[in-house]
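Chain nomenclature is as follows: A, B, C, D, E and F, assigned in order of appearance, with residue numbering initiated at 1 for each chain independently.
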Amino acid sequence: MKKAVTFGEIMLRLNPEGYLRFVQADKFEASYAGGEANVAVSLANFGDEAAFVTKVPAHEVGQCAVNALRHYGVDTRYMIRDGARLGLYYVEKGASQRGSKVIYDRAGSAIALAKREDFDWDAILDGADWFHWTGITPALGGELPEIVLDALKKCREKGITVSCDLNYRGKLWSREKACEVMGRLVPYVDVLIANEEDAKDVFGIEAAGTDIMSGKLNKEGYVDVAEQLTKRFGCKAVAITLRGSISASENNWAGMLYTGGKSYLSRNYLIKLVDRVGGGDSFGGGLIHAMMQGMEPQDVIEFAVAASCLKQTIEHDFNQVSEKDVLSLMGGNASGRVQR
Amino acid sequence: MKKAVTFGEIMLRLNPEGYLRFVQADKFEASYAGGEANVAVSLANFGDEAAFVTKVPAHEVGQCAVNALRHYGVDTRYMIRDGARLGLYYVEKGASQRGSKVIYDRAGSAIALAKREDFDWDAILDGADWFHWTGITPALGGELPEIVLDALKKCREKGITVSCDLNYRGKLWSREKACEVMGRLVPYVDVLIANEEDAKDVFGIEAAGTDIMSGKLNKEGYVDVAEQLTKRFGCKAVAITLRGSISASENNWAGMLYTGGKSYLSRNYLIKLVDRVGGGDSFGGGLIHAMMQGMEPQDVIEFAVAASCLKQTIEHDFNQVSEKDVLSLMGGNASGRVQR
Amino acid sequence: MKKAVTFGEIMLRLNPEGYLRFVQADKFEASYAGGEANVAVSLANFGDEAAFVTKVPAHEVGQCAVNALRHYGVDTRYMIRDGARLGLYYVEKGASQRGSKVIYDRAGSAIALAKREDFDWDAILDGADWFHWTGITPALGGELPEIVLDALKKCREKGITVSCDLNYRGKLWSREKACEVMGRLVPYVDVLIANEEDAKDVFGIEAAGTDIMSGKLNKEGYVDVAEQLTKRFGCKAVAITLRGSISASENNWAGMLYTGGKSYLSRNYLIKLVDRVGGGDSFGGGLIHAMMQGMEPQDVIEFAVAASCLKQTIEHDFNQVSEKDVLSLMGGNASGRVQR
Amino acid sequence: MKKAVTFGEIMLRLNPEGYLRFVQADKFEASYAGGEANVAVSLANFGDEAAFVTKVPAHEVGQCAVNALRHYGVDTRYMIRDGARLGLYYVEKGASQRGSKVIYDRAGSAIALAKREDFDWDAILDGADWFHWTGITPALGGELPEIVLDALKKCREKGITVSCDLNYRGKLWSREKACEVMGRLVPYVDVLIANEEDAKDVFGIEAAGTDIMSGKLNKEGYVDVAEQLTKRFGCKAVAITLRGSISASENNWAGMLYTGGKSYLSRNYLIKLVDRVGGGDSFGGGLIHAMMQGMEPQDVIEFAVAASCLKQTIEHDFNQVSEKDVLSLMGGNASGRVQR
Amino acid sequence: MKKAVTFGEIMLRLNPEGYLRFVQADKFEASYAGGEANVAVSLANFGDEAAFVTKVPAHEVGQCAVNALRHYGVDTRYMIRDGARLGLYYVEKGASQRGSKVIYDRAGSAIALAKREDFDWDAILDGADWFHWTGITPALGGELPEIVLDALKKCREKGITVSCDLNYRGKLWSREKACEVMGRLVPYVDVLIANEEDAKDVFGIEAAGTDIMSGKLNKEGYVDVAEQLTKRFGCKAVAITLRGSISASENNWAGMLYTGGKSYLSRNYLIKLVDRVGGGDSFGGGLIHAMMQGMEPQDVIEFAVAASCLKQTIEHDFNQVSEKDVLSLMGGNASGRVQR
Amino acid sequence: MKKAVTFGEIMLRLNPEGYLRFVQADKFEASYAGGEANVAVSLANFGDEAAFVTKVPAHEVGQCAVNALRHYGVDTRYMIRDGARLGLYYVEKGASQRGSKVIYDRAGSAIALAKREDFDWDAILDGADWFHWTGITPALGGELPEIVLDALKKCREKGITVSCDLNYRGKLWSREKACEVMGRLVPYVDVLIANEEDAKDVFGIEAAGTDIMSGKLNKEGYVDVAEQLTKRFGCKAVAITLRGSISASENNWAGMLYTGGKSYLSRNYLIKLVDRVGGGDSFGGGLIHAMMQGMEPQDVIEFAVAASCLKQTIEHDFNQVSEKDVLSLMGGNASGRVQR
C-alpha cells in the first residue's frame, strides 16, 4: 500500500440546502473541505494510506474537521491543534443559467498563521511515497511559502514524488505575487496539475483559441501549454482538466496528460451536475492514485477523469467513490443502471 | 431612485418538499406570494423603492406575510391589518412528463372582502412613479374592480405610469366577465403584459398557428396580438412572454416587446427549471425596472427575459436576483460557471 | 369495480435523502414497498379494488407496512401478522454516470418463512377477478413455490385471470433454480410481464442484437422473445418493458404487448428520472388496470407505459397517479405545463 | 367487534416544527385532524371498527385527509367528495410560560356548506353500535344543526348509543346560540363529555371554586355539574376532563365519570407535554372504547384518562396508542422504562 | 411612537439542530444575532421604531444579516455595507447537567475594523429618543471605543436617553482594559443594565454571599451593587438580571430595578428553557420599551422580566413577542393554556 | 496512553425524529451502535487508544458502521469485512408516561455467524491493557461463546485486564442458557458491571426490597449483590448502575462500586433525559477509563456516573464527551450554565 501526504487548509463549508440562494437559507449544510484535504479523502477511499497535515483550533469546530477526515480513514495525527479560527466558505449551488457562488471567509485561520516550527517534516514525511500540495497553500500568506518550501526540500531529500495543483485564487493573491512565489516552488514538482485557466493566471502561459464561456474545448491548445510548463519547470508530467460549461446544470468534462513528450487525451463525459465543487481536487486524487498504482499514461488520465466525473454527481467536496466504482466507469459502464 | 406601488393579494404558498406529490407530503414549505407582491419583491431586489398594498388579517399568519415582504425591503405600511382569512394556495412541483399542480384556496380572504374606503389612494400613491396591478385582483370580485378603478383614476390624475399583467385565471371568473371588467380597466394602462394565452382568454385576441403543447413558438404571430391590443386600448407598450414547454423539467423562454410600432424579440433561454411558478411575475418585475431605468426597448425586453429566466432557477415565487445578476446574464454569461 | 389480489413480500425501503451516498447519510427516508405491493397500490390509485396478501411481524414496524398500504385504500385484511422480521432494502439514488445502488436485507423475513397453512386461498381469492405475483416470491424460497402453486391452482379453479412479472433476481436464486421453479408455475399464467433481460435470465430466451448499456433499443427483437414465451407457456399475452438507459438521470422508456399473434409497440418517453425504482411494477399495474377495463391492445400498452413513465417522475416505489393522470399523458399531454 | 360512527369536520393542521413561533416558520408540519376524526382514529387504533363521516373537496388535498384516516384503518366510504375548500388550522406549540396558539381558518369548508341530502343516515348508520359527535359540528352553521338532528333521530330509531363532547368554541358561535342549538340536540345524547369550562359556556352550569389558571382542581365541584347535566338532559353518563395547567410544558390530568348516580374519579397524571392538542378527543375515544367493551365505571374513567394522558406525549392530534398501551399504564406502569 | 437606535455587531449564529453536539452536526441552523441587534428586534416587535447601526460586508451573507432585521421591521438604513467578514458564533444547546457552549469567531469582522468616519451620528441619531449599546461593542477594539464615545457625546448634545448593558466578555478583553474603557463611557449612560457578574467583572463591584452555581439568589445583595454603580457613574437607573441556574433545562429568572433611591424586585419565573441565549438582551429590550412607555418602576421591571422570560421559551436570539404577550404574562397568565 | 480492545456487535440504529412514534415516521435517523462499540467510542473520546473488533458485511452499509467508529478515532482494523447482514434495531423515544420502545432485528448478522478462525486474538490483543465485552455477545449464539472464551484465555495469558457488562437480553436467550454460558465466561472477568436487574436475571442473585417501577432505589441492597458476585466469580471489582425511573422524561441516576471489600456510592443525578439508550454502556466506558487512569475507587465511580449522566443528555448511543467535560461535572458544576 502506497502512502501519500497532503498539506494545506481544511475549512468548514456551509451551503444552503438544494438550490436555495443564500438569502433564502435558514439552515446550512455543514461539511469540511479544502483542496488538499479533498485529495487525501479521495486516496483513502481508493484504499491508499493518506495523511493530511494542517493546523486547526483546539475547540470543538476544529475537532469536527479532524473527525470529518478520520471518518474516511485519513491519518490525522499531524493535524496540529492550536491557534486561531477555522477558515470557512459559503457555497450556493447554481442551476441552469444561474452560476454557483462561493464566498470565502478564511483570513486569520490557524493554518494561515502557522509557523515553520509547527511542522516536523522529517517525521511527517516518514514512509511517504507521495506529497501533494496546491497553489492555495502558499497563497494563504504568512510563513506558508516557506513552510511549503521546507516540505519540498525534505521530499527531494527523501526521494518522495511531489504533485501540485496550481489552483490560482485571485482573491488570495495577485498574479504577480503568485508567479513569483510559485516560480520558486514549482521547480520541486514532479507532477503538475492545472485547469484551463491556471497556467495563464499564474505563469502567463496560454492556450490559443479557447473560450471558456462557449462550452467548447480547444483540447489541442492545451498540449502546447503542458509542453511549455514542462520545459520551464522540468516536471515529469503535466495534467490539465478540460471543463466545458454548458450551464450550471450540465458540463462537459475531460482531461489531458502530457508526459514523456506525448499527450494523452481522455474520453469526454457530459455530466448532469450534482455538485461540481471539489471536481478539480478529485481529478488530482484520481491522478495520484493511478500513478501510485503504476498505470499506463492513457489509463492514468482516464482514471483521473472518470473519478472526477463521478465526484461531480456527489454532494459536497469529498469524492465518495471506490477504485472499483472508477474502474467500472472507465470500462464504459456509464449508463447509470441500477446495481442490485 | 424610482418608486413603484403594486396592489393585489398576497397568499400563503404551501408546497411539498422536492418532487413529492401532495399525497406523499407530511410537511409543506411555507412562503408568501402573489402576482403583484412578487413584482414588488423583484423591484426591491433590483434596488428600487417598492411598496405593496393589500389587506391581510391581524393575526400571526397575516404578520408572516408582512414580514416576508419586509425581509426584502418592500414598504409594507399600506398592508392593512384586518378582516378575514389569508388566502392560500398549494403547489406540487412536476418533473419530466408530470406537470406541476396548483390548488387555490383564496375565497373569502381579507383582500377579497376589502372595501373601497380601506384604501386612501391619494396617500398611498404619494411620490410614486409607477403603479402595477394584474388581472387577478379584479377577478377576486367584491369591490375590487372598483377599488382598482379608484387607483387607476388617481394614477392618471398624478401622472403615474400604469402597468398591468392580464393574468387570466379561469377558476376566478369567466371569460365574459373578465372581458367586461378588464375592458373598463385596461384603458388606463400604459404597459400591458401578457402570456401566450391571456389576450385570447380575456379579449379573444389570438395569434395564429400556435400550439402551446408543442414546445415550439410562433413568435411572429404575437406581434400581431400586441398590435391589436395597442390599437384597442391605446397602450404605449405591450410585452408578451413566450414559453415553450418541452416538459415539466425544461422550458424554452423568451419575450417580445411591442412599442412605438416596432417589435423587439429577446434571445431565447433553454431553462432547466427549478421552480417556474412566479416566472411571469418576474418578467413583469424586470420589465418595469428596465423601463423605470429608461433602457432602450431591446434592452428592456432582454432584461425582463433574463430576469425571469433566472427566477425559474430559484425556489418559490420571489425573484431573488440583483440588477447585476441580470445584467451579467444579459451580457451573455449563461455558462453557469462558479463565481468565487 | 374489478377486484385484484396480489401476493408477495413488502419490505421497509431505506434511502438517503436526495443524491447522498450511503456513507454520507445520517438519515434514511423510510417507505414500504415490494413488487406485488407496488402493483396493489397502483390499482387502488386507479380506483380498482386491490388486496395485498403477505405475512409481516406483529410488531410496530410490521404495522407500518400495513398502514402504508391502507393509506392508499389497499385491502390489508389478509396481511397475516406473525413470525419473523420485516425484510428491508437500502436504495442509493444515482445521477448522471453514477448508477443507483440497491442492497437487499430480506433473508429470514416473515413471508420467507411462511407456511402453506398460513393462507386460505379460497377465502382470499373470493370475488377476485385478477391475481398477480412476480418471480421474486418463489425466489424467496422455503414453502413459497408451493404456496404460489396453491394460489395458482385455486385461480384456475375459480376462473381468475393470472399475471406474473418474471422479475429475475440473481441474488435470490440461480438461473437454473429459477428456470426449474418458474417452469412449473408459469403455465398457470395468462399475462406474462418481463423486462429486456428476464426472459433470457430465467428461460434462456433471448432477443438478438440488444445492448442494454448502449441506450438504444432493438424493439423488433422483443417480438420474437414474446412469441417464444407464448408458445412455450401458452400465455394469452406477453408484455415487455423497453428501457434505454442513457444515464442515471435520463432514460428512454417504452413497452411492447404481444397478444393474439400481434405485437403492439407503445410510443417512447424520454424521462428525466426522479426515482426509477418501482418503474417495472407500475408498468404491471397499468397493464392490469387497462386489461381489467377491457381496453384495446394498443391502449393497454400505451396506458401501461404512460403510467410507468409517470411513476419514474415520482419519489419512492409507489405509483401515485390516478387513471385521469395517465389518460392525459396517453392523450399526448407530455409538455408538463402547470395545471391550475 | 363493535362499530362506531363519528361525524364532523376534518381539517388540515399546520404547525411550525418544534417550538418555533409562526413568524419563525418557513415550513409547516401537515397533518389532518378534527374532534370527531380524532375519536375515529382512537377507536380504530384500539381495534374497533370505526367510520368517519364528513364532506371534503374532490381535489388532492381532500384526498390527503381521506388517506390520513385510511392509514389507521378508519372506514372512509362516507367521506363525501365534493364542494368547497378543506378547512384548516394553524397550531403553534407553547413552552413553559408561553401558551400554545391555535388560529382557525375553517369558514366556507365543504362540510360547513354541506346539505341534508348529502347524508343517507340510514345507510351510514347501518350496523353501528355507537354514534359520536361534538358541539363543534352544529357550531359550523349552515344546515349542520339539522343534519346532526337527522343523525340523532336515526340513532334513536336504530337503538344506537350516542355520545357528544360539548366542546364549546367561542370563535364559532355565541353562548346564546350554542345554548339554543345544543339544547335541542343534547336530549338525544346518552353519554355527555365535557371539559372544565364547557358546561358553563354552553349551558351556564358551573362548578364552584375552580380557578383554571391556578393549576389546581376542584374535583368535587364537577360532580355537581355532572348531576345537573344528567338531570336537565337525561343522559346516562357524564364524563368530565380535569386539566390543571401548571405551564405550557406540564399539566395535571384526570377525569371524572358520573353515572348511575355515582361519581368515579380517576387517578391523576402529571404530564410532561409533547402535544396537548387532541387531548380531549382522545379522552372521548378512550371513554367510548371502554364503554363499548363493557368495562366497569371506574375502569372506564381510568381507561379514558390513561389513553388521553398518553396522547399528550405524542405529536399531532391523533392518539397513536393501542389498547395494550393503555391497559399497561392503567395497570400502574407509568415509569416510562424502555421496552425491549 | 418612540424611536430607539442601537449600535453594535450583528453576527451569523450557527447552531446544531435540537440537542445535537457540535461533533454530531452535519447541518447548522443559521440565524443572525448580536446583543444590540437583539434589542432592536425586541423593540420593533413591541411596536417601537427601532434602528440598528453597524457595518457588514457587501456580499450576500452580509445581506442576509440586513434582511434578518428588516424581517421584523428594524430600520437598516445605517447598516453600512463594506469591508471585511461577518463575525459569527457557534452555539450548542445544553440539557440537564450538560451546559450550552458558545464558540465565537468574530475577529476581523467589518464592524471590528470600522472607522470613526463611517458613522455620521448627527444623521443617524436624528429624531431618536433612546440610544442603546453594550460593553461588547468597545470590547471589539480598533476604533470602536472612540466611535461609541462619538455617539454618546452626540446623544448628550441631543438630549437622547442612553442605556448600556455591561455585558462583560472575558474572551474579548481583560478586566483591566474593560474597566479603563468602560470607565470613560459609562458616565454618559442613563440606564445601566447588568447581570449578576458584570459589575464585578468590569468594575470590581460585588454583591456579597452569591453563589451562581447554587441555583439560589441573593437578591438583596444586588441592591447594594446597584447603589454603588449609581453613585460612581451618576446613572438614573440600574437594572440587574437575576438568574438561578438549576440546570441547562431549568432556570429561575427575575430582575431588580434600582432608581430614585429605591429598589423594585420582580416576581420570579421558573423557566423550562427552550433557548436561553439572548435572554439578557430581551431583558434590555423590555426595560427600554417599558421606560419609553413611561411605565412605573415596578411595572418596568415586571415588563422586562416577563419579556425575557418569554424569550427563553423561544428558539434563537430574537425575542418574538408582542407587547400584548408580555402584558398578559405580567398580568399573571403563566399557566400556558392554549389560546384559540 | 492506555489501549483497550472491545468485542461485540455493531448495529444500524434507526429511530424516528424527536418524539414521533414508529407509525408516524417517514424518516429514520441512522446511527451505528452496540454495547461494546459504544464503550470503544467513549474511551476514544476520553483520549484512550480504543479498538473495536467485530465482523460486518463488505457492502456500503457495513462500511458506514466502520466509518462511524473511525469518526471518533476508534481503531477499526480488526473489523472483519465479510459475511451476512448488518444487524439493526429500531428505537422509539418515549416521553412522560410513555416508555421508549426498542425492536431488535439482529438475527443472522455477520457477527452472529462469525467463526472462531475469523479472529486472530494474539494479533488483536497485541499491546492491549484492557479487554471489554458484554453478555450480549455470547447471547448472539453460534460460535460466539467459544470466540469470547478464546479471547478471554488469551487475555489471561497476556495479563490483560478484563471487564464485562452482564447486560442480560431476554429476547436473545433464556435465563438458564445465560446462566450456563456466562457461568463459564465470567470467571475470567476482573471487573464486572451490571444494572439493577442483570445479576438476578443471569445468576439469580437478588437485592432485597427493590421496586424498579417505584423510582426509588435501595442502594444498600446492591452492596450485598456485589459481594455475592465477587465471591462466586472472584472478580476484583463489581460496579452497579442505579436507575430510578420517574418517567420516560426524568430519571435518577447513580452507581455503586464494590472493590477490596468496600463499597463506594456515587452522588445521585436527576436527569432530564435527552436519550437514555447507551447510558449503561457509557457507565462502562467511564469506569474503564477511570480505572485505566488509576483513579481512587470513589473517583472511579463518580467518573463513571458523571460520564453516563452526560450521555443521557446527548442524542444517540455514543457518549460524545471529553474527560474534561466529565471532570467538570464530577467537580460539582451541574448548573448547566453557558460556557462562552
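By definition in this document, a contact is a pair of C-beta atoms (placed from the backbone, for glycine too) under 8 Å apart; a residue touches a chain by one contact, two chains touch by 3 or more.
Keep in mind that what you see is a predicted model, and the values were worked out from it rather than measured.
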Contact-pair overlap exceeding half with A-E, pair selected from D-F, B-D or C-D: B-D
Rotational angle, Cα trace of subunit D fitted to subunit F, multiple of 5°: 120
Which of A-F and E-F has more C-beta contact pairs: E-F
Computed distance of Cα centres, subunit E from subunit B, in Å: 42
Intercentroid distance (Cα basis), subunit B paired with subunit A, Å: 44
Subunit B residues counted as touching two or more neighbouring chains: 18, 21, 23, 26, 67, 101
Interfacial residue positions of subunit E with respect to subunit A in the complex: 14, 21-23, 25-31, 59-61, 63-64, 67, 84-86, 90, 92, 101, 103, 105, 107-108
Contact set on subunit C toward subunit D in their complex: 67, 70-73
Residue ranges of subunit A in contact with subunit B within the complex: 18-21, 23-24, 94-102, 104, 169-171, 212-215, 245-250, 276-277
In the complex with subunit C, residue positions of subunit A that touch it: 18, 269, 271-274, 309-310, 312-316, 320-321, 325, 329, 332-340
